[in-house]
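For reference, chains read A, B, C, D and E in written order, and residue numbers begin at 1 within each chain.
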Amino acid sequence: ACGGKSGSAAPSGPVTLRLGYFPNLTHATAVVGVKKNFFAERLGGKVKLDTKTFNAGPEAVEALFSGAVDATYIGPNPTVNAWQKSKGQAVRVVAGAASGGAAFVVKPGITTPEQLKGKKIASPQLGNTQDVALRYWLKQHGLNTTKEGGGDVAILPQANPDTVTAFGTGAIDGAWVPEPYASRLVKAGGKVLVDERDLWPGGRFVVTNLLVSTKFLKAHPDVVKNLIAGQVDANDFINANPAEAQQVVNAALGELSGKAPDPAQTADAWKTLTFLNDPIAPSLRDGAKHAEEVGLLQPVDLTGIYDLGPLNAVLKARGEQEVRA
Amino acid sequence: MTSVLPAGGVAEQPTDRTAVRLSGVSKVYGRGPAAVHALDNVSLDVAPGEFVCLVGASGCGKSTLLSLVADLDRPTAGTIEVAGGARPGLMFQEPALFPWLTVAGNVGLPMRLRKVSRAERAERVAELLRTVHLDEFGRRRPHQLSGGMRQRVAMARTLALDTPVLLMDEPFGALDAMTRDILHDEIERIWQQRGLTVLFVTHNVREAARLGDRIVLLSSRPGRVVADWRVDVPRPRRIDSPEIAAIAAQVTDRLREEVRRHGS
Amino acid sequence: MGADRTIAGLDALDLAATASGESRLAKVWASAWPKLLALAFVLGVWQVVYWSGWREPWVLPAPQEVFADLARAVTTADFWRAIATTLRRGLVGFVLAAAIGLVLGVAVARVRPLRAALGSAITALQTMPSIAWFPLAILLFQISENAILFVVVLGAAPSIANGVISGVDYVPPLLLRAGRNFGARGLSLYRYVVAPASLPAIVSGLKQGWAFAWRSLLAGELLVIIAQRPALGVRLQGLREQNDAAGVISTMIVIFVIGVLADAVFSSADRRLRRAWGLDQA
Amino acid sequence: MGADRTIAGLDALDLAATASGESRLAKVWASAWPKLLALAFVLGVWQVVYWSGWREPWVLPAPQEVFADLARAVTTADFWRAIATTLRRGLVGFVLAAAIGLVLGVAVARVRPLRAALGSAITALQTMPSIAWFPLAILLFQISENAILFVVVLGAAPSIANGVISGVDYVPPLLLRAGRNFGARGLSLYRYVVAPASLPAIVSGLKQGWAFAWRSLLAGELLVIIAQRPALGVRLQGLREQNDAAGVISTMIVIFVIGVLADAVFSSADRRLRRAWGLDQA
Amino acid sequence: MTSVLPAGGVAEQPTDRTAVRLSGVSKVYGRGPAAVHALDNVSLDVAPGEFVCLVGASGCGKSTLLSLVADLDRPTAGTIEVAGGARPGLMFQEPALFPWLTVAGNVGLPMRLRKVSRAERAERVAELLRTVHLDEFGRRRPHQLSGGMRQRVAMARTLALDTPVLLMDEPFGALDAMTRDILHDEIERIWQQRGLTVLFVTHNVREAARLGDRIVLLSSRPGRVVADWRVDVPRPRRIDSPEIAAIAAQVTDRLREEVRRHGS
């Protein structure tokens, strides 16, 4: 079935919901929701859930754009891109999923921002959440950076696994990376200079949210609402049974690589994450503003990116506090 | 016994009794100062069933002429007509065997292209290989043969073409005198049986006299028809007979004169 | 007399195998010992570097650690399913690419306007990285096996077409003339003359094409990770993301072994060809 | 009389160019119109698909939008610096890979034990995806241009070596025998006989090698992004990460054009070769 | 005038006066039932400065013998010795020209390999091309030549080798009678000037008688030396002289007998 068809199908007919997510830690909500059938239960017999896993954000957005999936869990950075590229038409954020899970890890000798002068610091990718956080933080501490890697501190965008290897060989002096790479850098002898949670009010900033295609949302608001209800169940489960949730996520990771990661490492990283349904809208907006300030983003108007009606309906029904865009 | 035409080419009236006709054919390779005038205004009529031998110095344009008649190349000027739209079969100066086929495969290929049935093909291939005295070698590969054997395979392959007009470019150049004598008999037999028209290039003037109804002499650079003998010796002929020797001597004298005039 | 029968180094090695009469065992041994020696050499260097403590073990693991990892992996069903999935995709993609590449190659090699139009485009397509095709693949085929196939075919077909073009271009004119003279025209000329004459170059193009297909495949498998279907490309990336050096190297060994097996297929085709053509006796 | 001078379709096209006496202009036109036609065709289809509204414009942008993007890009210095950086890396890597590939190819082709040891390994290395080499590249070369070069050379050298091997394997034995007879042994046999005789296959191998080098390079440029040095690979990945469809397509056009230019270089070498060998007259 | 040795090979005592010696040489191609016994127990002594012509039916092993003497192949049994460690130069049955070199480049290559200076090379190439009457063709490519011209280039190239022992495999097979006569004179002159030892394969028995000090006849499958004539006609000789004709007739008769016995 292609997106167009399911998007325009009558609400009463059989519907397939194609949901994307990444098999990694920050997508634990989705992994648990799928593996423990929270989504399926809420969607009921009439809606068929078809899950797709992606390796990275661009593919997920491409799939959402071309109608290959109807909804996907995704990070804030691709969310803003999708919004901007489609001029606010193609997608809506309907819920948050996780917060936290990023840190600035450096060589042990470095303890103050001044010591970073002339050092090489890695970030996952030019203009992504961590990259912006790094540049903004440096700027606040009077250190200049440029897109091209010049300035007081040289920033090298680099794939996270390579960053760990490079740090291990001493080729870089530090990195602002998400989990589980931050934990790995610490294991490799690094020291946390900044835990990103300390920079945000309440220690909360969005790392994963649920993005839905506008078309699908319009055609099947009830399906989206049930999906969100499933997610809320999943997050409840995660918060109530962190050990079991970790096991589920670990097993899912193992399916991909044929080998589950070290549970201790997962546990380490897990501590820095919070699973919640609030999309933490201010952090998305501030992130975008920071990106503008460090010259990595054209000014973008995010008004209307959130459609939290279904989420609030679910929360209200459960007697939980509603969230704001 | 022989009739020598005036040098400068044949000027008979066109008749229906022409199997191959070249009219004012020229061939120039390349352009500008490096151009080679391989053939210059060659006119030649070959009657159906006629066996014409072409002789001439090395590099005078004999192979060029055959490839033009076989329609593998286009003349720079002039026209070439082949009676009845028949495509002439050409035996190249080099064996030109296909290295990926066995000897039998090479000989059978022209028949395969004509969609001759497998059984008939096998039979005819065996027969052709017997004709060239290579019956035991059907399953060999070309690289396992001696030079003379390759040439014989090429001959068998050309005979497998079954065309009414046959063009042969020094078919017996790499063969010893004995094998050559035997194949002279074979080719004469096939020519008579099938009623073929043959254009036959050779350097062996005796061979030309042994086989040909006519012997045509080409001059060198540019190639022109300079003499045309009719060989009236009745068949069967013997290559070591005095009549053949006499004709050969006559042709050789003229050829010698040509070569002297132009350099080789 | 003292005849000049000394032969310089390289030539002696060349000629060594020409001497016939070797036993079967000797032949197997002759082909096996260099491989074993090379393997021993690589393992030796690796082990020594490891012992030297040049890098931490989690960056550069010891050989035995990698082989232990491999030994663990081969006992799991997922490992074999991953290989099976990727091999199947590779074969299907390769066969498709070969079909397209052959047709395209022949057409471009012999039809002048097509050559003028597409000749350079083929090489240009060949240089296009797989990720550039990802958006188009998803657009055309959504999330499906076909999207992966699309990337594989776009990776391999140009390479195969280029092999065909180069083969067709170098068919000796004499053989073409002979074929024409026998009444082979158009298609039959291709079937009976051009194709066999360019077979060596085509085999070589297919080998290059396989390498392109395989590389594109391992990248393309990341494009859409199809649930419940482990695959080598996903496995490699997954282990990389876990910074599991031993796992990455053991997967590389698997890819390497598959490459060696693929090469064996192409090489045996090539050897048979050369034997038939009388080229292995020089 | 009615001679059989009709020529079937394909052959007529084959022969068309044999007819000499064309003017220079006519030749340029003969090579230009098919390219223009192909271009017009692609643009036409694209425009029609766009107009049909099959996909939203942010998924499949209109041609004019892409060209506007390209036009904007070509006015920036970074665009040209990116091309210059990537081209320089590509050329350096390719030259290195060619040198290594040629030596390796010749050695493996003629020294039997080496062939037994490494023959299959070369193809196996060729099938190894670039990302598999990233950890090793960083281990050996840290964050430097050399790490990128390493990945490029590992990508391209096996392909070039395979081209050389295939070329050397198919040198006609008669020519080798002739060379030996003239006193060419060892190196001089290679220099004067084997190398020129296998040149066509080597050129074809170099072309494939360039494609491998280029693809590995565009992947490898993501490995270490060097400060102050924009590069095409980084640009492509960056635009893709922003889901900037117009930008991705315009970068693809740039890569395509570079590929076409590279092909022109190889093709002209190839054409000259064929002319000298008398192969373009068949 | 001629002396016929007993069939079965030469049995002279080895002396220092031997340029090439084959002792009990056999060559078998392939193995098992498909094996071809190309040469069987061939013994042959060639004195320094001797001109020996080899004749025999097509496929009898003449080319095989030459390639063994040239050390391009190894005998299955027996030994081959060449005096003074000299490497014999071989002119192959096919032209074997290098397509990537011009005519002059082909002729000059053996000298380039000997590191002859560029100036001297150019001069010698020009001289050699004059010898084979191709002085204007130095800048052509092999594919632009006729069959006979290619053969002459190959001859010039072999002469450029400057070896004391020369092996020639049907060097004049593709040439017309006139050009051939001229080249007979040239090769005889060079042979005498340089004091060469020549082993010369030909199918033209008259040519053998015209050029050779000795004529050696090989039988077919397996190739064996079956006759060995000494040609005592004083030089300069003429190919159409009666003495040459008489010897040719004698050799032809013996050859005919051989071919009849074995089939071609």
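The criterion applied here is as follows: a contact is a pair of C-beta atoms (placed from the backbone, for glycine too) under 8 Å apart; a residue touches a chain by one contact, two chains touch by 3 or more.
On a predicted model such as this, the values are computed, not experimentally measured, just so you know.
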Shortest hop count from chain C to chain D along touching chains?
1
Look at all chain centres (mean of CA atoms) and spot the one farthest from the centre of chain E.
A
After a C-alpha superposition of chain B on chain E, what does the rotation angle come to, in degrees rounded to the nearest 5?
180
Most remote chain, CA-based centroid, reference being chain B
A
Can you check how far apart chain B and chain E are, centre to centre, with Cα atoms defining each centre and the answer in Å?
27
Distance in whole angstrom between the CA centres of chain C and chain E is 47
Mean-CA-position distance for chain D and chain A (Å)
39
For chain E, write out the residues touching at least two other chains, lowest number first.
87, 94, 143-144
Shared-interface residues of chain A (touching two or more other chains) are 58, 62, 66, 161, 165, 169
Among chain D residues, those touching two or more other chains are 55, 59, 134-135, 139, 173, 177, 240, 245, 278
Name, in rising order, each residue of chain E that touches chain D in their complex.
67, 70, 72, 87, 89-90, 92, 94, 96, 98-101, 109-110, 112-114, 141-144, 157, 161
Would you pull the chain D residues touching chain A in the complex into a rising list?
55-56, 58-59, 134-135, 138-139, 142-143, 222-230, 234, 238, 240-245
Complex interface listing, chain D residues touching chain E
174-175, 177-178, 180-184, 188, 192-193, 196-197, 199, 273, 276-278
For chain B, which residues are in contact with chain E within the complex?
29-30, 36, 55-59, 62-63, 93-94, 133, 144-149, 152, 169-170, 173-180, 182, 203-205, 252, 255-256, 259, 263-264
Interfacial residue positions of chain A with respect to chain C in the complex
2, 18, 23-24, 51-56, 58-59, 62-63, 66-69, 160-161, 164-165, 168-169, 181, 184, 188, 253, 255-259, 261
